[in-house]
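Letters A, B, C and D mark the chains in the order given here, with residues in each chain numbered from 1 onward.
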Amino acid sequence: MTIELVVGAIEAILMVLIGLHLSIFLLYFERKGSALIQDRVGANRANITGIGQKLGMPNLGIINTLVADPVKLFTKEDFVPEGADHFIHGLAPFLALFPVLITFAVIPFGDTITIAGHTFNLQAAGLNAAALYLLATIGMGVYGVALGGWASNNRWALLGGIRATAQMISYEIAMGLALVAVIMTYGTLDLQAMVRSQGGVWFGFLPRWGILVQPLAFILFLTAGVAESKRIPFDLPEGESELILGYMVEYSGGKQAAFMFTDFAEQALTAMLLVTFFLGGWQIPWLYRDGFHFPGGHFLAIAPLAVSILGVIAFLIKVVILCAFLGLVRWSLPRFRYDQLMRLGWKGLVPLGLANVLVTAFIIVATGGAH
Amino acid sequence: MNVEFAALSLILVFPALGVLFNLFLGPRLGRSAVNVVGPGVMFVAFAVATWAFLSILAMPAGSALYCPLWRWLEAGKFHVELGLRVDALSGVMVMIVTGVGAFIHLYSVGYMAHDEDYARFFTYLNLFAFSMLILVLADNLVMMFVGWEGVGLCSYLLIAFWYTNPEFAYNGRKAFIVNRIGDAGFLLGIFTILATLAHHGVWSLNFVEMQAHADMFDVTAATAAGLLLFLGATGKSAQIPLYVWLPDAMVGPTPVSALIHAATMVTAGVYMIARMNFLYVLAPDAMAVVATIGGLTAFFAGTIAIVQPDIKKVLAYSTISQLGYMFLGVGSGFFAAGIFHVMTHAFFKGLLFLCAGSVIHGMGGEQDMNKMGALRHKMPITFWTMLIATLAISAVPGFSGYFSKDLILEGAYESGHFWLWLLGAITAGITGFYMFRLIFMTFFGESRVEPDKMHHLHESPPVMTIPLIVLAVLSAIGGYVGLPEGLLWGDAFAKFLSPVVGNFKPAVEASPAMLSLVATSLGMLGILLAYIFYLRMPGLPMILAWRLKGLYELLLEKYRIDELYNLLITRPLFFISDYILNRGIDQTLIDGTANGAGLAVESSGEVARRAEDGNVQHYAFVYLLGVIAIVGYYLYLVVK
Amino acid sequence: MVQLSWLMELSAAIFAIGVAGFLSRRNILVMFMSIELMLNAVNLAFVSLGSRMGTMDGQVIVFFVMTVAAAEAAVGLAIIISIFRNRETVNADDLTLLKW
Amino acid sequence: MPPILFWFLATLSVVSALGVVLQRNPVHCLLALVLTLLAIAVLFIGQGAVVVGFLQAIVYAGAIMVLFLFVIWLLNLPVVTGSTGRLAAKLLGAVGVAALLAELEVFWVPSHLQVKAAQHAAGYGAIDALSQTLFSEYLIAFEVTSVLLLVAVVGAVALARRTTDAEVQSQAGNSSRTEKAA
């Protein structure tokens, strides 16, 4: 009992750390990756020692983005505008960040692992209604930005808050509908069980990943996930060119960092959820408990502990690749107009999601029930 | 011998198709399509009717064709089976309706050529034909009543065809309402018959079955039913006292006057009485009433016709007068004579109206005979055909009207109605007078046409004159199917009809030749007088009118019957409605009660409303008190 | 072990707070929120009793209550908006016409 | 559910419910209400009603309350200061509420609660069990609920629409004119 509790706590901390590190990776990608895409140099200051250049390496701007920027952020003055609601102004960034962080708890980042006779589930909180939990926490995320915008006593901030709220609520529905189809396919609300049922192969070689069963749900979830994290092309709430920074405009220092981190963490969360639902989670193609069963009939034995660790690594790799993909999206697409955003959400994604649910239900009934 | 003959339904189907076509497609497809379909369906129906009629002729006497349709309604033991039946009587009527109808449809193509609502006109006309055929072909009283109402509706629609003119619309309503009174009588008659039959266990209104059970009627029932049905007939066939609508109906297009208000619909009453002959022979009193009303109507309408200046009004009163003859005929028990006159009248009166229409058409809408004259050279075909029709209606020997009118007068005399015979004979003279007055004023003498209409004056196009010629031929020779007894084939028409309507049994012996001589002489006298009055001494009518000013104006104003009805019925009705029912009962009593109740509620509400201040929370507090009480009650239950 | 009566009395307390809020607050929005409080108090009672009896019916009722609450919120808030548009106030004391 | 958790949640929910009623700023009231709802949601989950608990969080706290927030923003109300309402009325109301509360507290004393405690079947409160009940016993009610929601949507749109069609058209005409002028 105690040891499980301790391990659960460790897992939870681990998961939050993974999320935060992914956010840092995304922060770096934001600065340096965008420069690469846009053919700029990007962050190139704070090259303290110059060792890299001496060794003939390009300036990666690591210190600039990962040390100097955060230090600057957290040492700035924490400014609260006149007439603002102090309490809520301070509360809002954490209301935004908190639900995202607790969501990491239900994501399975590996299979069960057996150490010293104890078997642990590599999932911080093995909820059997995890999918609902997910929707609940994501829904809670609205309050942070909404109240942040409202509490700033600033028109742009309020507009940004309203936009953010409307956008998140709208796309939550699309996301929920995509999730419903996924839940119907796997027949469970438990994310670990979902990942498990993505093990094995079809036709002897094709991994049974969710994306092959629910391609439309994948696209819907991806789109809605990007919209939820309020990134380009869905960054209307921040809309730098029209609302300056939207709901964040009156924030500075650590609180603004919290808002920014929320966005990055949401992006990381989206990536993790996509991996969990559609890309096999920690599953590696053809890898079973006892080792690889390649399609040709070859077999490669691997120790169970190594299999579990390989799973965790595979999960992380998939998530990083998806994060990078989301970053690419952010720097490749132009921004929507607000009415286009709403039209896409309500007239595009929601009907598609409903149709997807309908078709899924029909197929499930036609083929004689879920798994 | 009864033979099933499914093609009978085609006689109904084609006009119905015409209605649908003209209603929905006519306005879109235009005149030429309506021109083909409107009259076309009638000619097809005429062909089918001819086929049916020839079939009957080929079969033994007393045969009938029938075509059962479906069970229409059922109420307890009573049920109505729809069916069509063509025997000798309805065969003749179908031939008249489809034949004369077809030619009048054809004529309408020319007459209505310049009207905007062309398709609507033919829709109504086809609908009329459809309804009339239902009336004629029906094998039971209920279905006949459907047709009866249908023709009434069409009559209304067509009288008020140019409904933008308020007077025309008024006349349409008048016709409809007056007919309603008659229809109420007809309906009551049906109820009386049904009640009598049902009392004896027969739950049917089928003509054949009714005839088979005619012995169930006692004299009282037969008289009541006969008189009630005759009330319907006075409405539809414009007899005293319900004739007032027919002259006003002349505001409709002239083909309508010809078809509905002369040739077919108005004779429905005669047909109905002939059809119900088995009932009427049981009720001598009812028969006497029919004959008397007929004779009086014939005379009164004839006298009014003498002074009317409007060409169509003359013909309208003439129609009423001729209808009176028909009722005199059937009322005398000589049903075949009545129907015979229906047929010849359809020919010559239809023709007269069509000719009048042709004249009006040529005159560009002018109907006043004082503004005509000397038209015979301008419109030769119209003149000659109209002359033939006039000779026919004036009962000049050799023309159709002579044979039929002679039979009627003979029937009246021989059934013992001497005074009615005398009235009819005098009316024959009057008929000759006013008809030739019409001819002389219109076609002879000096032209009184207004100068601006002279250049417009023209003979009508062939599509109008062909029907005239066809009907003129029929008017001339149509009477030869019923020659006097003993001459060649004798009275073939009456023999043909006798299985249906029975044979005429004279009560008084008389010499047909003598009777005929008297009536014909009176007719000739009338023509002679007209010649003197209107051709030899054109000033004489003026002088006479001035001298007999009172009488002249009384006639000109149609005995002021409309005014009388106004005084006796309409005004008291309005008085009762307005002063007693409206102001007395409605406004004072009912409104007073309602307003008083309202006032009571209002004043008590004024007090009670203080509790209702509109504040939701105050209501909620009261609600809370209720909740506390309910929870308290349950608490009491639990604690106990 | 959590006693059923604790849950029920908690439910009663929240309900009473809701009633008090509805009766005392003048802002119709807050009155509306008080109604939601009452609904939730009742929901809590349903779930608690259902859980104690081991049946799902209580939860199903709660499900329906939520649906009705959603419908009620949509319509009710729409009414509040249109009232505010016409009257420029959401003070229940000023809205005594019971119509607009 | 351990008693300590219950007492924590009970305190939280009562305090936040009082917050709904007592705070002046509607946004603060709303936040307190969200807190109450979440506490109650956790109470649901603690009693085995997992799905309903999460639904409470998703639907109530996540959607309906956001709608409230929107409306508060739309109305942009000034924060009321000073006393509202008459003291006598408040006292009367307080007496009534106290009476109700007293009645209910008596009603729910343990000796009156004669509910036979039953064991939870396997999967109690899970989505399967809820769906089984919902789609068999309560199917008609469920379908009727969908109609209710549809009607509510239509009603809300109809009520909250600012103008009639004709006005919208005339406004559109005006705006296009001003655009041209610009």
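Going forward, a residue touches a chain if its C-beta (ideal position, glycine included) is under 8 Å from a C-beta of that chain, and two chains touch if they have at least 3 such contacts.
If you're wondering where the values come from, they're calculated on a predicted model, not measured in any experiment.
Q: Identify the chain pair joined by the greatest number of C-beta pairs in contact.
A: Chain pair with the maximum contact count: C-D.
Q: Could you tell me the distance, in whole angstrom, between the mean C-alpha positions of subunit A and subunit C?
A: The answer is 35 Å.
Q: Mind checking the centre-to-centre distance between subunit A and subunit D? Centres are C-alpha means, answer in whole Å.
A: Comparing mean C-alpha positions, subunit D is 29 Å from subunit A.
Q: Taking each chain's centre as its mean C-alpha position, how far apart are subunit B and subunit C in Å?
A: From the centre of subunit B to the centre of subunit C is 75 Å.
Q: Could you pull out the residues of subunit D that touch at least 2 other chains?
A: Expected reply: 51, 55, 63, 93, 96-97, 100, 104, 107.
Q: Return the residues of subunit C touching two or more other chains; collapse runs of consecutive numbers into ranges.
A: Residues 19, 23, 93 of subunit C each touch two or more of the other chains.
Q: Which residue numbers or ranges of subunit B touch two or more of the other chains?
A: 621, 624
Q: Among line, ring, star, complete and other, which best matches the way these chains touch?
A: other
Q: For each chain, which other chains does it touch, given as pairs?
A: Those chain pairs which touch are A-D, B-C, B-D, C-D.
Q: Can you check the complex and tell me which residues of subunit D touch subunit C?
A: Residues 1, 3, 6, 10, 13-14, 17-18, 20-21, 26, 29-30, 33, 36-37, 40, 43-44, 46-49, 51-52, 55-56, 59-60, 63-64, 67-68, 71-72, 74-75, 77, 80, 84-85, 90, 93-94, 96-97, 100-101, 104-105, 107-110, 113, 115-121, 124-125, 129-130, 132-134, 137-138, 141, 145, 148-149, 151-153, 155-160, 162 of subunit D touch subunit C in their complex.
Q: Can you list the subunit C residues touching subunit B in their complex?
A: It is residues 19, 22-23, 28, 31, 92-93, 95-98 of subunit C that touch subunit B.
Q: Please give the residue numbers of subunit C that touch subunit D in the complex, ascending.
A: Checking each residue of subunit C against subunit D gives 1-10, 12-21, 23-27, 29-30, 32-34, 36-37, 40, 43-44, 47-60, 62-64, 66-75, 77-82, 84-85, 90, 93.
Q: Contact residues on subunit A for subunit D in the complex?
A: 85, 88, 128-129, 132-133, 135-136, 139-140, 142-143, 146-147, 150, 158, 162, 165-166, 169, 172, 189
Q: List the residues on subunit D that touch subunit A in their complex, please.
A: Within the complex, subunit D contacts subunit A at residues 25, 27-28, 31, 34, 50-51, 54-55, 57-58, 61-63, 66, 69-70, 73, 126-127.
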